[in-house]
């Protein structure tokens, strides 16, 4: 029998999960980065300090006097988040506090302008979890290409034209570069598989020393898809092999998220206007499609992404839901 | 006016002051839609609902949800042809949920645990209704009327309740003990059962009408159809149903050593054929104009109406089936059958639009036989209702069971000459009971229908993993004796596993997807049952209406609707 | 004001020599400052460092243009004009003469003294670092401050073993030069003010 | 008790006596001796702080920013290009109102690359919101460094202590180093009111729209307004402990009768003082060292210039196309006086060029010029330039 339903305000106080990033932030509808940041902070828990690089996440969460954060949080500038985090960590070390330090940045702040500070932070062995929310372009400034933008994707600075089919260059393999620092733990994850993401965050925060997480976070605005399809798009990135989900320890690949049913990359492209120009029959489009399919196949081969048989943590098994869900005790 | 803090610092969670709900042009809502199994059930059961309760670990709540529609689950779990499973969305994914096994399990559990039927105390001035016929339709009507607070007088011509369940369904399908236990528990809810009361002989319709607020007629069909092959008829002809009743209730062994031909592809025909095998008939042929149940080449309406697994078992037991054939001639010697001539037959569309049966010349075959048993159905015995039925073979009523001819008189079950199944009869009884209650309270009639069922494509199948359907163990042919139940059902473990396979079409699976995937934390989890019965509420102060939750809802329970302009 | 310019090669401890001298002079009750000629020179290149001292506090941060004394740690540096440039005609030169034949003076300095500082260092310290012997010789010649001011500074700066070795070097060098031979130059300089401050004769 | 030591060593000693918890630095001439010394003190266990050897000045500034925000006393040092590489973060630190101390071993800014002293580097970030103090000698550098932490932490403003590269950092002389007890008595442990802490999870570094940005800038300027009082207070308090003269924002030496004044910044002040002593024939002079350049001590300056007919401003930087930096600000400040002195603005000693005692007579002569010099590089040798470049 329906008893009186508690008001949302009452319910908010009793949700059976830690809230690090709360409602009222100003991300776009269906923002993958907002979702990723929410999931990551939930997994980190309350004893942490966040340093955040300049970018969408920083802007939409902290227009003064409103902050959507419930963890201590600091933003300095675009390219120094790893160093700021290192400073916080150094301070906590001297103060003898065990609070975890986490750095948040987008792909621009990680692959490009902030990379030197990131490399230095890892090399010096700071006990910091660095999370890169990878939405594959400079979204905060209006969709300019970054070194994370996939090959042939269209952005305002890698536009499609008579002479060009979007970005001419390849997506930088930042995980491999980071892994070359021989750090204890580095991994990719995606919003399409929240349980995998949360497990990796927990793994990283309990690991001593620098750890790195690259979270594939669709941007409905920049990728040109409906906000409702954020998960569907992210899922296809994995199922096509376009975005390999792997774990690297001390430079060695130790685990992958296997694909049970491989999808062609065009399935991924169809949902996004940034790849729309690749769907035609003109020779360049055909060639680029083949090129991108080859890149995805290369990922699958390189990391052995095809699941031999249905494993409980492959692209299907990992997402399986059951009545009662995963959310623990109910408020 | 806000006062600037040093360094423009902000307080945790202060963004809650900023209501992003204003951005919304569409909003998610929880919208329950009938699951295909619910939509398909003639008895109006909602298997999705009771499977959910079972999956939650509450079998009693599951049983109560079940008997809100059908008070005889232990029986129907065994004898129903379960169209619910034919429509189950899971069937398009891997295999349908074994709903009848779950239904049967719950029915048996209720008997074993003696869970009482939830019925209200009778008020002194409770209206009284007469129900004629204690078959599935009558029992269903009686129970639902009782549930709705009515006094019920139930009349039947036989000494025990159950109608065809008792008369014509052999024990290897429906053990007597199960049938009696469930029906007795049902009658024990406070239904006055009057045995051996034949309408038109012991009780009279107009008299019942006078003494009760309404009358529900469920006399069933007990008069065999006229039968002959090309006008010929053996002197010693026995009708199939009669033979079955005799064997079931008197225990006469009908045909030791004989070679018998049964005509008719319904459940009765198949049961007669099997009974004959069990009682030692040498050879049993079943001739039917329909196709075999598993014959994909034939349109469903052309297939035998008998339950497919029963047909399969019959063949295992040695019954020889001649699908798409008909009897063209009886070969008689001194009025006794020595053989039959059968020929291939198809149902074809005629010029008048009706389908006609065409036997093909030159396909005739002769089968040596000692007896031919027709199982071609029965019609209503008009005794006591001559005024209502006139020259017709069946009673005619609307969807609520109302008879055009007489106000306050309702009818249902086989007597309507429609589906002629147990579950259809139970559905008739249920609907009629509600109509009767409204009739007595002088309330306006309501409309039927629960909306379009959830389609396979309305589900987000990414969240379901393949899992094989649980199969019940079956008694080996050698051990079958005609009374021991052949199907053994599923144990608790395997029923639970089966329940876990349910997609929960159109209802909340409480899987946490919406709660986990909302970028705006606008989905909140709650224990208190919500107005819409779900486990989550949408916080429209912050929901931006992106539609992610609806897109990722596995069970199609979340719909996006245009944002209401005025709130 | 007394200004000393020490010449050496990058890596020879030239700046250290200047700091040691200044420290010793301060210990002896003077005000002093020492600083290198800041440059981008690398190991082996000619380098110079300066020491200033007097009884009053020294506030100036300007360069030393016309030193009273030049201490040259490597005779080969004499081939460069810069080595003796600006040295006052009435100044003096202390030269690490090495083992080989002594250098036949020039007009650049009225007086000069040669000392086989490298050899002394090798004998006493075991390494060819001529600066300690040269400083000892300089203080012995000028009598600017007592030698023990230098040994005290050495004791402060080096560990026991090194200090002992350096003390031996100090003693050895002091024994090789005439005590007070340049004492007059000191007094002269104290009296003389005008030329120095108005920068005449440049 | 006086110790004969190098300026860098003394500054490093002073810094560690202030018990910083985090020191981050990237090596650059002529700052290296300072951080090398601190690193050694840490290595020898004589300083209990986390020494973070970063990969750039940019990260050095960022690390101390993070450390200060996390509630630790932090310090860094740099020079020249390093200051400019830090500049974005320097603005950020001031905007976040974080207390930090930075030693700038003043050095020219390339191109052409030049490792020697002038003030172009710190002048380039004069608008970043930092307090800037220019030290006249190494004793001043030691005392100012200690006071800087107190000023920074009381105001939640960063302080840049400017010390002439090489001229002071590499100068060996006798310095009075305080005892640890004296410093502890002067400088309480660091408590940051807005520290990052899960117990009270604040958000630092928000986005501020036009609706409030002007107010943030006003608040920063107002904090500098209060800084003069704090600086003076710290100086007096430290003087009471050290026994040395309390150095105000402006050091003034010279008699009341003087009609000519010379104002400068940094180590050249000592040279001018000696020159004045050595040359009585120049007549009465009033010499001033502008120690505190940010906040700009307008009132103190006006008071110090009372009765002057001419003021020569000598600085070690310039704003090409604009001329004098300090000179222009001094001129503007003095214009508030009823009878302001004429201001003659000069630069000298750029890129390490020696400023000899003999410069003073030329400055005094310039003061007597018919028309004041708006700006000139007084020691430039035009003969070294091609005619079209003169």
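Annotations for the structure displayed:
By written order: A, B, C and D. Residues from 1 in each chain.
Following the convention adopted for this analysis, contacts are C-beta pairs under 8 Å (C-beta built on N, C-alpha and C of every residue); 3 or more make two chains touch, one makes a residue touch a chain.
As the structure is a prediction and not an experimental result, all values here were calculated from the model.
Among the other chains, C has the CA centre that is most remote from the centre of chain B.
The interface with the greater number of C-beta contacts, when C-D is set against A-D, is A-D. Chain nearest the geometric middle of the protein is A, using mean C-alpha positions. If you average the CA atoms of chain A and of chain C, the two centres end up 66 Å from each other. If you average the CA atoms of chain C and of chain D, the two centres end up 34 Å from each other. Averaged C-alpha coordinates put the centre of chain A at 44 Å from the centre of chain D. Between the Cα centres of chain B and chain D there is a gap of 92 Å. Multi-chain contact residues of chain D (touching two or more other chains): 96, 201-206, 208, 212. Annotation for chain B: residues touching 2 or more other chains are 2, 8, 10-12. Those residues of chain A that touch chain B in the shared complex are 1-6, 8, 11-12, 15-16, 19, 21-27, 29-32, 34-35, 38-39, 61-62, 64-71, 191, 194, 220, 226-232, 235, 310, 316-317, 319-327, 330-331.
The touching residues of chain D, counted against chain B in their complex, run 95-98, 156, 194, 201-206, 208, 212, 215-216, 219. Partner chain D is touched in their complex by these residues of chain C: 18-19, 22-23, 26-27, 31-36, 38, 40, 58-63, 65, 153, 193, 197-199.
By the touch rule above, chain D contacts chain A in their complex via residues 21-22, 24, 48-50, 52-56, 58-72, 74, 88-89, 92, 96, 196-198, 200-209, 212.
Those residues of chain A that touch chain D in the shared complex are 46-49, 51-52, 58-59, 62-65, 67, 69-77, 79-80, 82-95, 99, 116-117, 119-120, 123-124.
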